[in-house]
Amino acid sequence: MRVFLEQLLNGLTIGSFYALIALGYSMVFGVMKLINFAHGDLFALGSYLGFTILVLGTAYITSYLGLWGGMIAAIIIAAICLAVVGTLVERIAYRKIYPAGRLPLVVSALGVSIFLQNSIMVVWGPRPQAYTANVVPSAYLQIGEVRITLLQIIILVLSFLLMSILYYIIQKTTFGAAIRASALDRDTAALMGININTIIFFIFALGPALGGTAGVMVGMYYRKISFIMGWNYGLKAFTATILGGIGNIPGAMIGGLLLGVLEMLGSGYISTAYKDVFVFIVLILVLIFRPRGLLGEKVAEKV
Amino acid sequence: MKRIKFLLVISVLVLALGVASLGVTAADKPPIVIGLQGPITGPYAVEGEMAKQCVETAARIINEKGGILGGRMIEIRIADDACQPKAGALAAIKLISQKDVVASIQTYGSSVTQPASILYEKFKKLNIAYGATRTDLTEKGLEYFLRTCGRTDTQGNFFAEYVVNVFGAKRIAIMHDNQTFSVGLAEDTKKGLQPKIDAGEVEIVYYDGITPGESDYTVPLTKLRETNPDIFYFTGYFPEAGLIIRQARNIGITCPFVGGDAALNDEFIKIAGLEMAKGCFMTQEALLKDLLYPEAEEFGEAYKAKYGEIPSSPWAVYAADALNVIAYAIDQTGSTDSDVLVDYLKNKLENFPGITGPIAFNEIGDRVGTGISLYVVTDEGGFEIYNP
Amino acid sequence: MFKDNNLNTGISVETDKVDENINGDKKVVLEIQELTKRFGGLIAVNSFDLRVNQGRISSIIGPNGAGKTTVFNVVTGIYQPDGGKVIFKGGDLAENKPHQIVAKGIARTFQNIRLFSNMTCLENVMSGQHCRGSAGVWSSVFRSSHQIKEENRIGELAEGRLHQVGLWKFKDELAKNIAYGSQRMLEIARALATNPDLLVLDEPSSGLSDRESEDLMKFLKDLLKEEDLTILLIEHDMNVVMGISDWVTVMDEGRKIAEGLPENIYHNPLVIEAYLGKEEEEEL
Amino acid sequence: MKENNKLKPENIFIKNWLVIILITALLLFPLSGNNYFIDVAFFFGIYALLGLSLNIILGEVGLFNLGHMGFMAIGAYTTAILNTHFGIPIIFLMPVSALAAAGFAYLVCSPIIHLRGDYLCIVTIGMGEIIRLTLNNNPFGITGGPNGVFGIDFPSLGSFFIIDNSTKFYFLIWIIVGLTIFALINLQRSRIGRAWNCIREDEIAAEATGIDVRYYKLLAFILGAGLAGVAGNIYASKLMIVSPESFDFMESCMLFCIVLIGGMGSIPGVLIGAAAISLFPEVFRTFAQYRMLIFGSVMVMMMIFRPGGIWPRKRGAVEFKSLLLKTGRDNV
């Protein structure tokens, strides 16, 4: 029981990382029909930015802000930077290519991804970096036998908060309605007087911002960050997106959490070595039987 | 018409490559070129970089003393293998295909050394490993493969006989990372423990591998915790070691943590964080700072003079020693032919005064007599020999 | 395949007895029996019956959303029916894939033209012959004499069809680059290239100028004279329908509300109310 | 691209002229005798072969496949394992690897072939990853885990004919690439090639025109995988070692780029793309760590300024009498 609870907890923690990243994929795909391969590396970039912020600000944090304050500050700054970078990427690398269709976009996205990954390597060096201990809170709660670090709690709460805010924006506000509309049919939405560019700007700012947040959290949680981590997390998050139903916001959240839990339980009860294999097999099965993901609804081909 | 341009560009490019490759120059008094294959980039770049610095330092010392074979300088040629088996094979081919490379010092990590050594063997090129301690590397009857570092079975036995007693451990957990070196050490340790197991003094309660390069090892660690061991021996490399000690402590594994000789490294402390790292133990060949030979002094000075501090990794120093023996052998035999050199090193070389102590090789290419000690991470984040 | 009766209640079908003995001698190519197709709650086609006679032009007319195109999609195998049968040349088409149905001899066009836009017009038509070819991977790779003969045959036949629809001059243009009217004709040429027995046209004249529809009507009439072919078409444009059809079926809300000779249909109050009425509103 | 596609005679002449230049360049190149450059050219060849094989799937049929390296891995490991464990000569293993990869493709793809666009894409990614991870976990102790399988022989027939140096490997791979190109040109010009393109253009219309969409999609996967298997075979015997990390997701993405940079479904395009991907990092090695950075930005530039690829396929006049002439014409 204890083991199960611990795995579940870890699963949820990782899952919330995946979910936060997946949201970025999902929003961009929903509106642009683009698999934004650069998103994973934006996440990694966020992680490194957080690292630098914390290193530079160590003195300030320890004396004034306190660890939690420092964490929040790092997250906010990183998120803002990422929002800027994200929109820049869209401006420079994607906007001109929209008329050319989707495949060139994919290549461009891969190019951006390679570019970001290697710029991280050039700036921070090829060695894995580590969030230094003195800026990461290490307190924990002992509930029964299960030990929960405060960090985990904060991560869970924070990501849940962010997700619900986003959910509210997307589902309840008129702006969200506009986003959903343009996700369904961009041209018609444009005809209905929705300013697509604003929407694009918004998703390319918000997606990476969430990714960056996740990046800082991952850095805090595992300490070790490396410039290649973007690929692994990106791939997992994209899997989560598809699992939940691509272009579907709640789908991305549920997909992410589900993936995290699956991964942990899979490695706990099936095989540690084959946990990713297990994850992908589940994904493929889901797609065979529900070709549009868990929450995505079937749309009949109009002839 | 554009397309035609493009085609032209390509064909020109192909031709250009050809022409460029024709330019081969030769000096009148050629230096002795010795290859160094190491992880200059990639996750273990720190080891490769340090090995490069050490070998160059050693070469500088020799060259300042007037080189070998009456004034021929030693030149180091680097090939990067990024600590990947495939890249390692390519790097080996790159060195082999350069005719002026007389011998090669190869590389950190048994999983890279293994394929590379086979290639060197195929092309009959002397190669001396500095960071590959897996036992069976020398057991496969390779003619041209030697190593200046020790073997994992020495280390395994050391753990089994000494360390276990020090902590009076009964329940032993062993974790490896599925890679050549790590699995080798784990197996050797198991073998070393076998007598005690038969005698019923100890038992191995956990023995399993993890996948390197991931960031979350809580699941295997939870399994490990459920077996509540007295001592936890991790035989993998430092990036995983750093994560594992953190996560182990976080989920409440309190028993002493002992790492193999690939885990002892400043990076380990950086990743684990000092509060977690201090008090961790390592089974480890002696570090340069603990070596008391005059050659060690000299080398340490020369290195410090250039790079500010003495090398923290023991392997880099073995690399320097590899260079020393090769240079010495060439000087003595007056030949750069691999067969001659191999024969000399294996059969004639006796007590060569190396940085890491007297060096000699047995007929299968293992170094005779290397010592292992138990190190502990101090509260300041240094490493010192642990004496209970 | 099941058949539920409660759906048939209250369907009044006015059939022209005259027609039966007009073309009693004609044999039936396509027969649709009690066809039903649902999308979720919506019943698109509701136990619909139809008989298409050899060598005639039969039309289905009806207001938008009457279920005409759905009938076509079921006939051509793109949808599977929820009830009823489609019998072609005496064989049941149930469970057949679209390409198998094409091989059996039904070729179709689409309401919104679906061409292979980045291929040349000739290639578009040649692809129609695909189902009549047999060359496999090896014979294609090694250009076996049989494959070469086949390619020539396909090519010449395609050229013939292009001539027939008057698009020869565009043979090497990309399909997306030719005019809308020509694209319609190209799609018909592609359908004809499959050597069909039954040609199914989905609103062939929509988007065409009056002049072009005139030509189209003439073209279809001549086609029937020259070749042993049957045509089933959906049409919106009354003039076209009345101009060329030998037999007209009227659909509304998934049901057949009337069928008969064009002139009779033209004066059928039910039809005028259900269909023409709406048509006029649309024209306002 | 509204242009009259009929080729003017001098145009043809120039094209063939360039082909001749290119071929002679390829033939003379090894005379330079620099093994390093010859190896680079060899890897160019490998990428060309992989690019061509993916081009069948992605370029001709328009199926997103981001797991193509998986097929190569199957081929490479089949070769490696059968050769090291049972000492079967590499040459005989070439068709075996091809069949293994093709068979695998058939098994894996038949249940998922109905998926559209991005869903197929992620499934292929998943497939590629599953293969890599499984190899990495050393099932039944035959794949050697992260260290891979090593000590693979050189291709040889008895003792008189052995491919054991860079130059011979260079010719081996380029001869195979040449044969592949010949075969693909013929396929492009056959009813099969047309069927593939129809599916890429409009699946429903293709089905309604009498093309068995499912069959031809699977056929593309099988042929593509088979070629990738051959590439794997040569790759394994050249490097003498296969290890999982050579077949990771990044590599599959690179192949994807080869096809798109060159131009979908265009054979010369694929060659150019392969050249770009394989030569670029080598030519720019002097930039050391900056080179991949440059590489990434160049990819973006490419797509901004030539989204159709460097050399998009030109659909030219099809004629039926002079087939010999035709094969030479629109694609080379």
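Which chain is which? They are A, B, C and D, in the order written, and residues in each are numbered from 1.
Keep in mind that, in the parts below, a contact is a pair of C-beta atoms (placed from the backbone, for glycine too) under 8 Å apart; a residue touches a chain by one contact, two chains touch by 3 or more.
Note that the structure is predicted; figures quoted are calculated from it, not measured.
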item: Contacts common to chain A and chain C (chain labels); value: D
item: A-D or A-B, whichever has more C-beta pairs in contact; value: A-D
item: Farthest chain (mean CA position) relative to chain B; value: C
item: Chain nearest the overall C-alpha centroid of the shown protein atoms; value: D
item: Distance between chain centroids, defined by C-alpha means - chain A, chain D (Å); value: 33
item: Centre distance in Å when chain B and chain C are each reduced to the mean of their C-alpha atoms; value: 75
item: Centre-to-centre distance between chain B and chain A (centres being mean Cα positions), rounded to whole Å; value: 38
item: Chain C and chain D: spacing of chain centres that average the CA atoms, whole Å; value: 42
item: Touching two or more other chains - residue numbers and ranges from chain B; value: 41, 178, 211
item: Where chain A touches two or more other chains at once, by residue number; value: 126, 273, 303
item: Chain C residues counted as touching two or more neighbouring chains; value: 78, 110
item: Contact footprint of chain D on chain C as seen in their complex; value: 76, 78, 97-99, 102-103, 107-108, 110, 114-120, 122-123, 126-131, 133, 135-137, 140-143, 147-148, 150-152, 154-156, 171-174, 177, 190-191, 194
item: Residue ranges of chain D touching chain C (in the complex, touch as defined); value: 1-2, 4-6, 183, 186-187, 189-195, 197-198, 201-202, 204-213, 219, 223, 315-321, 323, 327
item: Interfacial residue positions of chain B with respect to chain D in the complex; value: 3-4, 6-8, 10-11, 13-15, 17-22, 24, 41, 84-86, 89-90, 93-94, 97, 111, 114-115, 118-119, 122, 178-180, 211-212
item: List of chain D residues in touch with chain B within their complex; value: 14-15, 18, 21-22, 25-26, 28-29, 31-37, 39-41, 136-138, 145-148, 150-151, 166, 239-243, 245-246, 268, 271-272, 275, 279, 283, 289, 310-311
item: Contacting residues of chain B [partner chain A, same complex]; value: 41-43, 45-46, 178, 208-211, 215-216, 218-220, 222-223, 226, 239, 242-243, 246, 250-252, 267, 270-276
